[in-house]
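Please go over the structures that come below.
Below, subunit A partners subunit B and then partners subunit C, in two separate complexes.
Showing the complex of A and B:
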């Protein structure tokens, strides 16, 4: 073709423009900012190695659940039921342990129940063709109720097993060993990030969220893709439930109330768009870290709880506003 | 009889007062695209002016200028002799110019009377003055001769025709002096269309000036007093409707020189790869049969809304098959879009923003989306995409650039690149050159020609006749859901196609 020569002269210069870089680094800059902020304001108590180890442990539950939420939000969906689901999973694991199932089996059982819940949510969304917001709002109530019913409206105290140790503090001499729960979160993050980037399924998640019509046009089975997304996300929430169980050392049907909002906030601060097609695992983890650091820092500064809540709310709005501004400039 | 571009600059002042509405030398461009290149138009009170022209001739843009949705770059307008310069639709409405779009703009959950007076409800302080709302709405419906439509009913309970009445009542209630109807019968039944004509005559008798936009020339003949023809953003003809034949209007609509845009290498059609028999979809198409061979470009002409897009979507499994058979090579029967890709058919959607492309993803993702290995690396995607960026001349920084950053023409090339990457044998192209500049069009035509020479089978839907005449080997015409038999392009002329597409064919 004749026209090609002239066009191909256009330099294919930088693979990543500055705007790309900024988009990628945005949440990291935010993380750096809160780190520096609290280090300056409260160097004595905040800026200590074992405090950072604490922050990582405090992030594990929200961070792990945020991995699944990232997949859902990239695909253009939302899951409001994940807080209730985590409570349900702590109860399920505690009950399994209580009837004498070994710890490994109980943990696996909890995650399987989670995957089944995700399957149910996915089926409801794809079969009833209702908005995920509505379906998961319903599940938000139903799963919490199920948890309370299973636990007979009280705590479930299981026998002591190594599952209680997943989020235990590491001895100060070996601080770099990190707690097992933190390792689980980081390992899963790497796996999920790789899946998003290097597999067909991962690219389909982005495509479905960016433009469902296009995905359909390109022959992607949108319903099947969504079903798998909700199952996988729920399984990850199951792991978060395991970590929450470990932190509580019991099954508590009232735990993690409102945690779905923390999880969604982490994903959004991490640069995902609630309209879909955009988001990253690294971003969501950084978002979760930012939220923990703010609450941890405020505690170290002996600020009241209500101050933390106002600051956290402000950060969510600020993060999303900056994100929109950035996109308007590149568009 | 037919005046060709003569809008009388003589006796300017006299004519200014005589006309209800006058537009002169209207120009409008969007970026590099010239939509209106100097349009003149005039209509008197108590007159129906038909505005006709092919798709893309500039009718919609002109009406948007008139109704204040787009400001004109140049040109002047007068309303009852006074300069008229609306800056937005509200100003136009206040000045007395009412526009009824093809897509109705009603608040579906509100009642008929609320819709009629929406945005200008009579109020008593902060409270709605329901009594006068009812009175004024009833008066407007009375004026239209439709007092039977219940004022309290939510608009969504009404039929499409009744909803249209409500929309017209809204314009009338405001006291509009000029009423613009954009393709008002396209979604109406024959009977409802008759009612609409009665209404137009009624409004005309009351002294309203009416601008009537339509593709259907038999309607134009029936309802209008005078007409203006637009072509390529120019007004190319005008006159009294009674004094011209449908034929003469069509000649003005299509009378253009065919540019040397269309490369055509001699080629020979091979074996049949796609065969469709008596295909019917949910609403459209009603009946379509065609065969498509290797190395052939088959065009489907017709008006917007005739069912061409629906035909392509039904073939591709994006819309359900009601009746009839589809055979692709050895495969028979309906199939999902995913299967169609596996049978090596590909589609380019008519709407690249809504359906064709995932705008917030990058070029590489968009090109490779239909065919990804289970495991892949971004570098592999980039390599695959790079070659198509080169071959199609897509102007971009890298395969990682977001599709939303590209120009319309380059976006369209990305949509085409997807089919080339997938290496399909049958290409279904729906309006492949809509809204892109001439240079990009030429490149797309070149690609289509090259593909046909390499033995690919191509089905093209286009509303732009010269394009179909230029690139196709055979053309079939679709009119109201029915597809005619395809004939070699040498045996057809634009005039005849236009007649068939407008449903005037059987009368001539």
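Showing the complex of A and C:
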């Protein structure tokens, strides 16, 4: 870049304050922006208590999966297979219920299968020493195929259990109770954020993502760390799969097509860097909320689908531009 | 600073798009009806949209036309129903993507006194009780009609390929069942393929047809149960120089399919009346909202289109040329 802009000549101290503030508040500013935007444009329809409950409920699947994706992206990796994986987990849970396993067992079974898939992905990445992009691109197809095969190229309709209630609309009189799925997402977010901040494993994730060589020289078992990251992330995707199952009330091998991109977008909007070493759980949740709010608001405004798709794309680019801007300044 | 300007341009573009995409604000106290199709890009749904909007103008109600962002994505359609319920529209007209998955959102809409009319595809539950009314083509009759015509053109003997549409779509499964019912009765006809699914889009259907190429070369007749599967199959037959050599009967009469009918690449089409479907759907819910009693099932009619009947003036409605 030849461009020397005026602000790059300003003293270091003043630049530092700016970027620090932007980094901390970036995603929240975005959230505030879309909230204000839609509140101004559609005050009667958008600014309703039950609409906010709905937004939270509809964020649960992407939000929960984004927790795991945040860990992977912080470690410098990526997971393109998560959408297919979520479809697979809905099928697995539905099948387990269908053969008569009680609901709690089926849910646990689904999450265990998820952890196994994560283990497989982690092993492939660390043993074959290939880029996560390649491995998970392969798994994107394989897992989708597995889901269709297990479901016998069809939908799986299980008996009705309380698992269907996880994302059920709450009664309008008790909006504040929130749906169980939203609580699950929030609780898991707190746990994962605490893990990232206060445990050795959490710090290792950042170290591996910042500079793998240095992390290795510091005595971190990089392969073991990565394996655990992919397993944990997959287990979280398993919970997302459980929620998606509950939302659909059935196992659908074709569901969540392209959802991996929504999840990655949420994490990136939330301030994570695709080159690793940076990202936060709060940010990713805010990113996921922004995505839902944009889709919700666009429907409220009666925008055509094609306009909505352009707007969503524009917001992703805008958010990442802000991200790049912050990095330029800190660099 | 230059970057900041760029950001401002981005913001401006986004906001600009909002304002240009924004519809005219609705007048006070007009009924607002949300019409939710299975998708928005098929020509079929464009005709439904035209019918629904026409009914909206005639009855002086506000029509919100909104399909799932991802074509044929069940979760996306559930989201839309929930959003319109939360928003408190006066009524919903829905073409459910799945017989089971949309049942709960519809139930919770009805619980909150937002009436739902189901159209095009069936939904679990009893019309008139679990939802207001079911407005659709008699799909089994349509499938039977296609089967009878194919059998007639084959002189009741030969090998037949059926390319199904997608799993869990009640309307096309009915057509497939109606078609197979007729085929099974004809002792001279054998089914070469009857368990393959073309999938939701034309591209997928074409790929699937390509995979069946060996069977297609052997076949005398082919049937596909909707617009996208018929178009996909047509593409595959054309690419392999089989178009016109096989007796091909399709479903839905959209312009590209009617062109193929004129060229002789398709021998017959079963046409639904999508415009009427959209119109009746809106009409039914508005009648219900105005306190009139509505029938639990409304049949919107099917018609056989052959090269001979193409110029029939009455056909125009079924061909979406009206």
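Observations on the structure shown:
The rule is simple: the second predicted complex is superposed on the first by the 313 of 331 C-alpha atoms of A that agree within 3 Å, B and C clash if a C-alpha of one lies under 4 Å from a C-alpha of the other, contacts with A are read in each partner's own complex, and residues count from 1 in each chain.
Throughout what follows, contacts are C-beta pairs under 8 Å (C-beta built on N, C-alpha and C of every residue); 3 or more make two chains touch, one makes a residue touch a chain.
Bear in mind that the values here come from a model prediction, so they are computed numbers and not experimental data.
Of the two partner chains placed around the shared chain by superposition, subunit B is the only one that A:207 touches, whereas subunit C remains out of contact.
When the shared chain is aligned, no partner comes close enough to touch A:89: not subunit B, not subunit C. In the overlay built on the shared chain, the residue A:317 is in contact with subunit C alone; subunit B does not reach it. Subunit A is touched at more residues by one of its partners, and among subunit B and subunit C that partner is C. Touch criterion met: A:256 reaches subunit C, while subunit B stays clear of it. Counting contacts as defined above, subunit A residues 3, 6-7 meet subunit B in one complex and subunit C in the other. By the touch criterion stated above, subunit A contacts subunit B in their complex at residues 1, 3-4, 6-8, 10, 12-17, 20, 197-201, 203-204, 206-207, 210-211, 213-221, 273, 277-278, 330-331. Taken together, the subunit B residues at the contact with subunit A in this complex read 318, 336-342, 347, 349, 354-361, 365-366, 368-370, 372-378, 390-398, 400, 402, 404-405, 418, 439, 442-443, 446-447, 450. Across the complex, subunit C meets subunit A through its residues 1-3, 6-7, 10-11, 13-15, 17-18, 21-23, 40, 64, 66-67, 69-70, 72-75, 78-80, 82-87, 98, 100-101, 103-104, 108, 112, 167-168, 197, 200. Note for the complex: subunit A touches subunit C at residues 3, 5-7, 37, 41, 45, 48, 50-51, 53-54, 57-58, 61, 153-155, 157, 164, 168-169, 172, 244, 247-250, 252, 254-258, 295-296, 299-305, 307-311, 314-315, 317-318, 321-322, 325, 328.
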